[in-house]
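What follows is a set of structures for review.
The following pair of complexes shares a single chain, chain A, combined with chain B in the former and chain C in the latter.
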Partner chain A sequence: MAKYEKLIRATLLSCTMLSVMITVMVVASVFSETMRFFSNVSVFNFFFGTEWSPQTAIRPDQAGGSGTFGAVPVFLGTFLVTLIAMAVAAPLGLFSAIYLSVYASPRFRLWAKPVLEILAGVPSVVYGYFAVITMAPMLREFGETIGLSIASESALTAGTVMGIMITPYVMSISEDVISAVPKSLSMGSLAIGATESETVKKVILPAALPGIVSALLLGVSRGVGETMVVVMAAGMAANLTINPLESVTTATVQIMTLLVGDHEFDSDKTRAAFALGFSLFIMTLILNIVALIIVKKYRERYD
Partner chain B sequence: MIKLFERRTRITVQRIKKKKSPFIYKSYSKKPKHTWLKKRKAAERRFRNAGLISILIAFLFLVSLVCNIVSSGYSAFTGTQIKLPITFQTELVEKGAYRKIVQNALLDLFQDVETRKEKRSLFMLISRNAPYELKSLIKQKPDLIGTKIDLWLPAASATSIFYKQRLLEESKRIGKINGDQAKWVTTLAQSQRTRLKFNMPFFKNGDSREAEQAGILASTIGSFFTILVCVLLAFPLGVATAIYLEEFAPRNWVTSIIEININNLAAVPSIIFGLLGLSIYLNFFGMPRSSSLVGGLVLALLILPVIVISTRNALHSVPQSIRDAAAALGATPTQVVFHHTLIYALPGVMTGVILGIARAFGETAPLLMIGMVAFIADAPQTITDPATTLPIQVFLWTNNPELGFVEKTAAAIMVLLGFMILINLCAVYVRKRFEIKW
Partner chain C sequence: MSAKQTAIESSNMENNQPLDIRMKTRDLSVFYDDKQALFDVNLDIYKNRVTALIGPSGCGKSTFMRCLNRMNDYVDGCRITGKVRLDGFNIYKDNVDTILLRQKVGMVFQKPNPFPKSIFENVAYGPKIHKLTSSKDELEELVMKSLKRVGLWDEVSDRLSSPGTSLSGGQQQRLCIARAIATEPEVVLMDEPCSALDPIATARIEELIAELEQQYTIVIITHSMQQAERVSDYTAFFHLGKIIESGDTSKIFNDPEHQKTKDYIGGKFG
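Our next item is the complex of A and B:
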């Protein structure tokens, strides 16, 4: 019997180790490729260069081969699209969360929450389709009527659709955070005659602020790592611009275009994708850890 | 304290002497009271409406998304067929010139067509697949050779779109069809030679260059194989990890590092897993590119943290008294877990697994990276065959500029969302039916 016991425990332990190994593997594999990339292309060029055209560099020793991996336009594009997405998702998600947790009748909440969460369950490729087929022509027509020329692969299109995609995510985290604020605080505020909106603004939001900040950070980290919407709706060419009406590219789009359908593996071109992926990984990791720390640190204040 | 009290009293007394009330609201008394209240109430209303409006915007988006997809996709579930008087002339059948047979039948119907250009646009009405259908028909019934019968043959996708939309006003049509073709289709329709039939090819074919023949069977089977590999790997691994962490692991820093590790894995962008699949599975282990085996392995990593976290939560919610009772009856620690705790936690575990499957089912990006974007016409037979999945099929068709693929894309999305709803309903059912409230 004891033998059995030990065997089962060992199996469980090895499964756990395997799961941990996977995490290590993810980091190690992407990291090693990134290091090989940086042995050919200088780190400075990658993070501060403003010209991104990896397709032209065939060999590192070629003329101009090392100068074309300036990732600034790519990161700027990622930043721009995510910013637009958050400009949509933050107010929508936050106000919906406030309405649902403060004003909505229990019956309304019972129906509205699952329906809004459907939005979170829709595969991202469907959002991409919507962005390409519906959103892009709609925005372009709208732009024409007010005299703006909006590129069909504009950052605005991708950002808006991505924002709607992130909204339910921001909403459900903020709602959890808001309902975690002790009832006694809001009751006290209401009892001294504040209206509900005053209670929300002066009492609940300040108390829930750390949680809301981390909800927004998690939203940003989702936006940065989101792939399909931008692959389908954003552009391929790296433009150094912060104009939301123009076409920009993002890190995920570049990883895709560099690696999909490409069979040769040992070139700077494909390793550049790993370098981008690694930066992406670090970025989202930092965002997530900061969000978690904020939540952990301030949650105990009311317990 | 007493001093303070005295001061207070003095002030109040002074106020009363000046005939001023001590109550604070009087300080606003220069304004009429109701404007002040009105302002606060207006702010209240504004705030409340902002919340309601943002919920409505989200609803509106959901509704427009669904309406959009359904309205452009429902028509793909029917295909147009045209009845042609086919003559199986013996010499043409022997030569295998089935295309000629179809063309002759069309010329039979429209005898006034003479120029080559006109003929070419006439032949475009019928699907390029029609000759192959005749060929297989002859193979089944060789006695048809030399006879003349009326047969229903699939129309080309442009014809089909025009036929389905011909009742719309001119400006709302999107089909690309020339004037002559429009006339012919109308004539065919008037002489009862056209019909709409349930679009079987959409459900029994793989991808195709011809929109009217393109179907989702190959990609659905690809999805199925991928999910199968993914679950077979992630389910035991995830549950075992969760059991160890929740029931056996000593509480020390190693365990907490492992926990942080797994929680962070859940937040890693899915495209990173694609990079991993590319560099480790394909490049290092040399597994077959584009296969559902590699796809499943990549997705398994993706849903592993989902399963671990939900299983741990489920195990955690089983009360300690169950464990104590089992142990008191002489069960060993593993017996406690496998005979009691895990059984009670099973509904929660299953819900987590089903939600993980839903996530894996809709995932696209990492699969694109390991080469599952191939053009797959035939359904994969084994897990090592090149395959594609349903979301990738949607992606491929969205990028296809040909008009006939627009409705196909929307229809494929409808099937995809249908599967999603089904999977989620399963999760809800399991939770509602089997969950134990402690």
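Our next item is the complex of A and C:
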């Protein structure tokens, strides 16, 4: 019996160690490629340069023999698309979560929540089709009727569709945290004579705020890391713009285009992908840490 | 017979007139979907008196109490027939403002449920919602008065901005009572207010109930016979959704008419 217990323990431990080690190795390999990239390209140029054209010519003596790696347009594009996505997902997700957890009858919630959660299981490439085939023409036509010209690949299209994609995540997590607010609190508020909306605004949302903030930050992380929708809907050109009607590119799109095809992983071009990836990793790490700090702070105050 | 009972009866004799009825129910029945939980309940709740509702779990005490401030409105599938009157006014009429009703009929719950807000904001919550005060000074005055009323002021006056949840269980429950009386209600409903508290905190709440009785009409649900006997003037014994017996607490406890009442009070079932 003791031997059996030991075996179980050893198996579980080795699985844990293996996944930790894999994570460390992934980070280490990305980090070392990134360091090699930065030995050729200055860190300053990468983070503050405004021109991104990593495609180098075959022979160094041709025009454009060396690429320029100013990542500002790429990060700005990522930021813009994510911002638009959150502008869609935050209200949609949060409001539907409030409706489902506070107002909806148990019967309605019973079928509505799973249906919305199914949306979270749709592969992102399908959302990409949706963006290209449905959303982009729709937005373009709408733009024409009000006299705006919207590029067929635009930050707006990609952001909107990405927002639709993130909504179920934000909704599902927010619904969980709002439902976790003790019923006794909302009953207490209603019994004092507050209306349902006052109760939501003054008691339930403040109590659920840390969870909602982490739901939103998780949504942002997903947006930043999302690839397929932006590949299909946002575009490749690294335009330095904050105009949502124009085509922009994102870090994930660039990583993909830099690495697609036959390449040797020894040029600045391919290493630039690792630098972008590492930056994304740091960004999402910071987002998660910030989310954790917020949650912890509120726990201390309210529990 | 407790000393308190004697005092009340003698004061009754002095006045020699019937007590005012603050709330009354007539043929009150409650259904949860198809299941009937209350059967034709008739009860008078007297002004400035404490009415205790006793009975085994599931007998309909809480359902009855929730009828008095219409909290049953939030229970899915709940349907009510009969009448509930507050100062002669039927609170189940179609155009009744439940918000105003709940200002007049406050409620304290089984488990202390302070909001995740400061002590001050907890007490100020009701007055703010009902716009009872017109200035910040008035609001502060009202909060202070309410906290003093429950004997919490001296304990918390130097930390009004710390969270209500940082208080001890007994203090939290007194905070919740302060929150309920800050809307200046006429009736205060208490659903087992001491069940989550230790004996010392319980004694403190019982003292408080005796003090509050002067100004408010109180309805209390309790599973402790001693508590019902100590704090209440009137007692209603519920069993399987019906009132078996109601009347003066001393009468119910010392000379009950029904065998079931006698058995329940004697601890033979429940």
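FYI, the second predicted complex is superposed on the first by the 268 of 303 C-alpha atoms of A that agree within 3 Å, B and C clash if a C-alpha of one lies under 4 Å from a C-alpha of the other, contacts with A are read in each partner's own complex, and residues count from 1 in each chain.
Throughout what follows, a contact is a pair of C-beta atoms (placed from the backbone, for glycine too) under 8 Å apart; a residue touches a chain by one contact, two chains touch by 3 or more.
Bear in mind the structure is a predicted one, so any value in this text is a computation, not a measurement.
Visitor: Between chain B (first) and chain C (second), which, if any, makes contact with A:Leu119: first, second, both or neither?
Guide: A:Leu119 sits against chain B, while chain C stays out of touch.
Visitor: Looking at A:Leu280, would you say it contacts chain B, chain C, both, or neither? Reply first, second, both or neither.
Guide: First partner only, chain B.
Visitor: Now for A:Leu240: first (chain B), second (chain C), both, or neither, which partner does it touch?
Guide: neither
Visitor: Looking at A:Val26, would you say it contacts chain B, chain C, both, or neither? Reply first, second, both or neither.
Guide: first
Visitor: Would you sort A:Ala180 into first (chain B), second (chain C), both or neither based on which partner it touches?
Guide: neither
Visitor: Quick one: classify A:Leu83 as touching chain B (first), chain C (second), both or neither.
Guide: In the superposition, A:Leu83 contacts neither chain B nor chain C.
Visitor: Of the two partner chains, chain B (first) and chain C (second), which one does A:Gly188 touch, if any: first, second, both, or neither?
Guide: Touch status of A:Gly188: second partner only.
Visitor: For A:Val213, decide between first (touching chain B), second (touching chain C), both and neither.
Guide: Neither partner.
Visitor: With both structures superposed, pick whichever of chain B and chain C touches the larger number of chain A residues.
Guide: Result: the larger residue contact count on chain A belongs to B.
Visitor: For A:Glu198, is the partner it touches chain B (first), chain C (second), both, or none of the two (neither)?
Guide: Touch partners of A:Glu198: chain B and chain C.
Visitor: Which parts of chain A are in contact with chain B and also with chain C?
Guide: 195, 198
Visitor: Considering only the defined contacts, which chain A positions touch chain B in the complex?
Guide: Chain A residues touching chain B: 1, 4-5, 8-9, 11-13, 15-16, 18-20, 22-23, 25-26, 29-30, 33, 91-93, 95-96, 98-100, 102-103, 112, 115-116, 118-119, 121-126, 128-130, 132-134, 164, 167-168, 171, 195-198, 200-201, 218, 221, 224-228, 231-232, 252, 255-256, 259-261, 265, 273-274, 277, 280-281, 284-285, 288-289, 292.
Visitor: Spell out the residues on chain A that touch chain C in their complex, using ranges where they run on.
Guide: Going by the criterion above, the answer is residues 105-106, 182, 184-185, 187-195, 198, 202-203, 206-207, 301-303.
Visitor: Looking at the complex, which residues from chain C come into contact with chain A?
Guide: Residue positions touching the partner: 69, 71, 74, 76, 98-103, 106-107, 109, 111, 113, 115-117, 125-126, 129-130, 163, 165, 176, 179-180, 183.
Visitor: If we count contacts the way the header does, which residues on chain B are in touch with chain A in the complex?
Guide: The contact residues of chain B facing chain A are 40-41, 43-44, 46-48, 50-55, 57-59, 61-62, 64-65, 68-69, 72, 236-238, 240-241, 243-245, 248-249, 258, 261-265, 267-276, 278-280, 283-284, 301, 304, 308, 332-334, 338, 358, 361-365, 368-369, 371, 373, 391-392, 394-395, 398-399, 406, 409-410, 413, 416-417, 420, 424.
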